[in-house]
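Two complexes follow with subunit A in common, the first pairing it with subunit B and the second with subunit C.
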Partner chain A sequence: MLGQDGGLSLTIAQLVQRLKASGLHSQLERQARLSLHRPDIKLESLKEDIKGFLKASGWEKKLQNAVYSELSVFPSPCHPSAPPEHIKESLAYMRKAQGNWEKRILKSLNSMCTELGIPLAQKRSVNEQKELLNKWNEMGTDEPDLSLFRPVYAPKDFLEVLMNLRNPNYENSEQPSFRNHLGLIQVPLKVKDIPELKEYFSELDLNTGQLDIDDSAEVPPELFENEHVRIGQKVLAEQDSAAAQQYVRQGCPTSLRAELWALILNVSNQPEDVLYYEQLKSNVILHDLLVDSLIYKDVKLTASNDDYYFVFEDYLYQVLLCFSRDTSVLQHFAYNSAIPPKSYIRGKLGMEEYAVFYPPNGVIPFHGFSMYVAPLCFLYHEPSKLYQIFREIYVRYFFRLHSISSHPSGIVSLCLLFETLLQTHLPQLFYHLREIGAQPLRISFKWMVRAFSGYLATDQLLLLWDRILGYSSLEVLAVLAAAVFAFRAVNLMEATSLAAAEAVLADLSTLKVMPLLQIFLFATGT
Partner chain B sequence: MAGKVKWVTDIEKSVLINNFEKRGWIQVSENEDWNFYWMSVQTIRNVFSVETGYRLSDDQIVNHFPNHYELTRKDLMVKNIKRYRKELEKEGSPLAEKDENGKYLYLDFVPVTFMLPADYNLFVEEFRKNPSSTWIMKPCGKAQGKGIFLINKLSQIKKWSRDSKTSSFISQSSKEAYVISLYINNPLLIGGKKFDLRLYVLVSTYRPLRCYMYKLGFCRFCTVKYTPSTSELDNMFVHLTNVAIQKHGDDYNHIHGGKWTVSNLRLYLESTRGKDVTSKLFDEIHWIIVQSLKAVAPVMNNDKHCFECYGYDIIIDDKLKPWLIEVNASPSLTSSTANDRILKYNLINDTLNIAVPNGEIPDNKWNKSPPKEALGNYEILYDEEMAQSEGPDRDLRSRSGQSIGLKGNRARDFGKPGPTTWK
Partner chain C sequence: MGTMAHEPAPCTIKSPVVLQVGDVRTELGRPGVAVIDVMLPHSQTIDLQEIAFKNYYTAFLSLRVLRQSTTDSGDENPSKWITCLRNYCLMPNPHTEEGSQDYFSVSRHQMLCDMDRVAAIRLILRQPSPVWLHFSIEELQLFPGGQKSPQKGFPAWLSCPSQEQPASLHDGLPDAHKASSEVQQMWVLTEMLQADQPAARIGRFDVDGCYDLNLLSYT
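Moving on to the complex of A and B:
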């Protein structure tokens, strides 16, 4: 363990280093230099005057938000003598499992390449480039034959892997005993219990106002809503990321959500960001990647058929194709347990100096990946802004939903949290479902992997994602999944097969997220 | 309690029949005594024609007004709205106020339209003012996008008129008449696609006017990207949103059918454009529907045996101004998707609950004002009686609210019920 001071100074050093490499650093320097021409900057009090100027002109706030953003994205540094992979994942068996999973994905990708005789990447001809550029805004109208392509994996394949995870230091006899967990996840990880969740999600309690809830008969809901909107506008005017993050825990008013999320994620869509997006776009135009077909296929299989999201099909291509080319996404592998796959230039297999990350962003899309983007299309109509918001949400939160790790927001912990909550609070239901061969996680896994996108009505989904951003945690997904089971418990108790249980939970589009979460966390007698 | 309602229909749609059967009503043939007849517009013409001289009795109800075409034929609707505006102007009504360009401030909600061939000269005059504009030609009496085409040159219309003259002698009769309307070439695009709104409006009486708006309308999307370029004028998939047309496009999706709920539209607009402009848009949509009904109310045969459920087609432009395109007397009851089927079943269910209260044998002495609980997904859009009983001062208030552009108040003036709650 590091001493408090040592840890802090290490964090600061790391932060300063990162910020020095950012555009903000040069902008601040430029502003400071320009301010020298101002009459109110005096030579005798130079340092103080410039500080005062940067504060008054709003640059200090920008720096604050950047520091806050760095702190929320990057984990605090480990002990200097700890090996670097510990930042990615501290448990060796988890790292190993993730590595094996990656090998499987790559194998499947490679065999598809060989089978179809398609290279991982190739340059487009000038004519193809022109054609793609022309139909950039209507890629959805294109109908290439994708029947031979199949998604590299689907959530249920991933669940099989998680079920087989074992901690080698733990007694794993197959005989049922009080030690084993009765659910599908068999690894011991620390997850929060209800009292801890109550404490953690204290802003969601019954006495705190929430948008989309109007349970007190005496006070009209408009009263809270109007006040909440007023505060939201104030938060936006202050341009303070930390305040915005606290604010959205009680839900965003629809009309302020786009800007509040951008503020929390520190996305400002500056001209250089637009330029960066355009650069990615031209990379898409230049090269054809195999993953493009996977993305195309995924959108066609999911969002294109979705009542809420089909309208945005073209936006999804514009975001996802650029995402696959974005090498800045590679940075998140510093704290993601996954290792980006590498590909070698033809004939140079295994020679590190000829290795490139493939796809360039290191993320191989799976079945349902496009549903991470789809709901955001309701908030942002400029592709470049939509893009940045998605990238930021992905590298902060969603990558954890398909990497094997011990992180509290990682999918393994979420599964365990879900099963533990159900087992502890609805033991009869849990036992019943287990007996009829309908392990609850088999039903809820896909909801959590997709962060409920495509399952809830969009307005409800956005209220849920408000809390993901507000608490910087995905744990709310597991709580909601358990709350849904609790809500439908009576019908589930009558089910006698997996199919029947699935049917009870097939349509979540009428559910109201906040009442379910509140009742489950705060109104059940525990 | 009197006997069961006897029903007839000449539209064999399951959403209708299931609703009748659910109520335990008895099917009879049209030659027997019936209480409720859901009929096509062709049949209504015969029922009320002078020759048949059919008289409906107090316990009979039909789903159309005898001269519904005053609203639902494209040419007559425009004629009635033009007349209504002139009358208001003559009265010196503040509603008929105009801006500096001579455009009505509050009544300019139908694209500039002319009848052809009757108003040909007027059209040419208008066309020459703005020769780069695109116009859309529609046959007056047809529906579902049939016979529609776009033009952007005068020569095209000359050719059309030559062709139709030589092809058949009767082309001059009113049945083959066309309307030509200025094409809204700056539609609001979502995801780069053009759409229109289909909203359902129920009228239970015209004098006094009482109408209801169905909350579950939807947007119909074109499957092909919108382009205002004139090279695509012939590609009807780009321009027409009618499902009947879009179904033949390659990209038609049979799961969602290109339909998006109005609540999706509201969520999208509030998120991307803000709450105030969104509320203003929806208020304006309610406003133009009420105004179109007020425009035809004086000429409508307010037969007490009738009610009607209209399909309103509205296009929103990129400045978020809604335009009334047309009104359908027989909105399609064909279900293109599973959700569509549920929607239409509920639409008929809620319509019947208002038109035939409690599913009992109709009595036309009834004042046709159902209790709030019976409205289902309908909400009162306008109730003339209620508006008048609230005092003459109320109408004035809503007008002044309108003229100073007060936001969000109009819908409330029309008697919009409070927000629904969860539980």
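Moving on to the complex of A and C:
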């Protein structure tokens, strides 16, 4: 009784406080003030009339969407005695492992600075600033010598860390026992089993229409598609984030995807957002950062070599360089187990008032980072909008793919979910691969860390990401990874080495995401 | 409710005693039950409002309290032990991490009996899963009843009584009237909070225009 109201009121108080700091609050206030000049606003029923006006003019919907967005991003209020680090990650050994991993990254970055004799950050000279401004839209044509730079880490290094993760309070004896997991991940997190997944992903079942699936030979697929597009247009007309999120669980029609995702993420690209983006851009022009070279290198190594994405090279630089300067990204560290790296202004070492985060957004890019942005370039052509969508997707979902945490969408849980699913579903295959030294996670890890970007065909990737947004969860990545193994099981059973198994799974670009997911979750007899 | 407003009561927390079948030194199986006694100093009593603690791999918690009887007729044995919380679930799945290191509080309305004039408390911790090396609870605090501050409270999920556990997820929305009256309260609260309102995003990362850095700091 008391507790329930208490929890609700705490949530409301936090929400109100955050919204008050937002631009929406002042806009609402302004609209309310302007409405006073309208003839239908009467003094005697002022409050009700203004409420009615805000409702009729669509501002109430905007407020609703803002509340919904805040609720989806921020975790519900924690126990009052819980310290902030407990909100970031509740398990002490996970926090420690993340801390050690960060220390390794810092050391690697520092040694790169020392070896190459370059600072982390410095101001550009006026000439350099002019030059960069002139080639802002064609940064890809630049071919700086980056041979000495190396990615700070690649997914493979990260997997090694996750494999060595142990709970010190868990029976971790060397002798095999029922407590040892047969896979690579050894931490006892709770992951969903097939019945729980079936319930969770109930909209993906065989009786629900999905885009990109022809259910029967007799019924033409256009029947469902046309109806689905019509409902999609209705959802967009309503401008309701929650409805959009429910809708995309069955897949987005290509023509509506950009708008629907923006609605779900509550990105509206207002003039002030464009201004904010311009400000980030000017900060890129002003300061030269070491991470810029890492970003260049990463784009060159990944997206520029990709058949689908190489055309977006310039967009990627713009978005990623601006992202590194965006201090609003720092807010997500309230619920991310990672801690942003710190540095001091030159010559002021140890003086707290000169302590700064580095890079300004606190995120050090790793090998493959640019692939989180690349698929979005198909949807958004305006850099400022592309940027906001990416930032929002990153601070809601993708940061979890490279932070050590116990969250159900965290990479550790995804790895464990993948291994558990495969082991339950296809025990023989799992055993076979393990015996030939091809632990399945060694192959699938990179798919999951990159959210399959760069592995699937773009249309399929976007259908997959529809479900990430629709369910606000990354678990679908682990399910798909397991489904891919199931699909190639016959060939994998014939493989006799890790290399052979990798070869079987080297090309995923012909796979269809939805049929694989449906068969794995709903059409196998469990 | 409102624990942050007042101080926890001073008390002596004894070290846990584990219950073990057979000889503790030779038995291979791990104990599944531990008992922690909490004494109040100088044979005082308190009207217990709430207990708060941090879990460490305990799956279920039971509470027993020694209450001083109301009768002042001078009976020889006026106090008796009563169970006020029975197998309160802290870890929904004892083999896995969920809830293992979380903060909890249990307030008097969740207890099975009246919590006035409590002289001693006994916590009975259970962990049926053999996979954990140790289990205990930490940072235990007892909060006496008294003045309440209406705005501060605990989230609902912390204080849902053990009988109606995860089912409450399907209960739907809270009562609209209750919620709206809460909202009114919140407006008052947020008006108060406004004084220390953080500035909206400014987006500056330099210090006085300078962002020249050499190396990252390890601390």
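Note that the second predicted complex is superposed on the first by the 524 of 526 C-alpha atoms of A that agree within 3 Å, B and C clash if a C-alpha of one lies under 4 Å from a C-alpha of the other, contacts with A are read in each partner's own complex, and residues count from 1 in each chain.
Convention: a contact is a pair of C-beta atoms (placed from the backbone, for glycine too) under 8 Å apart; a residue touches a chain by one contact, two chains touch by 3 or more.
Predicted model only: the values in this text are computed from it and were never measured.
Novice: First (subunit B), second (subunit C), both or neither: which does A:Glu352 touch?
Specialist: neither
Novice: After the superposition on A, what does A:Asp307 contact: first (subunit B), second (subunit C), both or neither?
Specialist: First partner only, subunit B.
Novice: Which partner chains sit in contact with A:Glu143 here, subunit B, subunit C, both or neither? Use first/second/both/neither.
Specialist: First partner only, subunit B.
Novice: Please indicate which partner A:Lys190 is in contact with in the superposed arrangement: first for subunit B, second for subunit C, both, or neither.
Specialist: After superposing on A, A:Lys190 lies in contact with subunit C but is clear of subunit B.
Novice: Is A:Glu435 touching the first partner subunit B, the second partner subunit C, both, or neither of them?
Specialist: neither
Novice: Looking at the overlay, what does A:Asp507 touch: subunit B (first), subunit C (second), both, or neither?
Specialist: Neither: A:Asp507 stays clear of subunit B and subunit C.
Novice: Quick check for you: in the superposed arrangement, does A:Asn110 touch first (subunit B), second (subunit C), both or neither?
Specialist: second
Novice: Can A:Cys377 be said to touch subunit B (first), subunit C (second), both, or neither?
Specialist: first
Novice: In the superposed model, does subunit B or subunit C contact more residues of subunit A?
Specialist: Tallying touched residues of subunit A, the top partner is C.
Novice: Touching subunit B and also subunit C: which subunit A residues?
Specialist: None.
Novice: Okay, in this complex, where on subunit B does subunit A touch?
Specialist: 190-193, 221, 223-225, 250-251, 253, 255-256, 258-261, 263-264, 267-268, 270-272, 274-275, 278, 339, 419, 421-423
Novice: Touching residues of subunit C toward subunit A in the complex: what are they?
Specialist: 1, 3-4, 52, 54, 56-57, 93, 95-98, 100-105, 107, 109, 130-134, 139, 141, 151-160, 174, 178-179, 182-183, 185-187, 189-190, 193-194, 197-207, 210-219
Novice: Which stretch or stretches of subunit A touch subunit C in the complex?
Specialist: Subunit A reaches subunit C through residues 1-13, 16-17, 20-23, 76-82, 86, 90-92, 103, 106-107, 109-110, 113-114, 119-123, 167-171, 179, 187-190, 276, 279-280, 283, 287, 325-328, 341-346, 349, 353-358, 360, 406.
Novice: What residues on subunit A touch subunit B, complex-wise?
Specialist: Contacts found on subunit A: 137-138, 140-141, 143, 212-215, 221, 253-255, 257-258, 304-308, 310-315, 377-381, 458-459, 512, 515.
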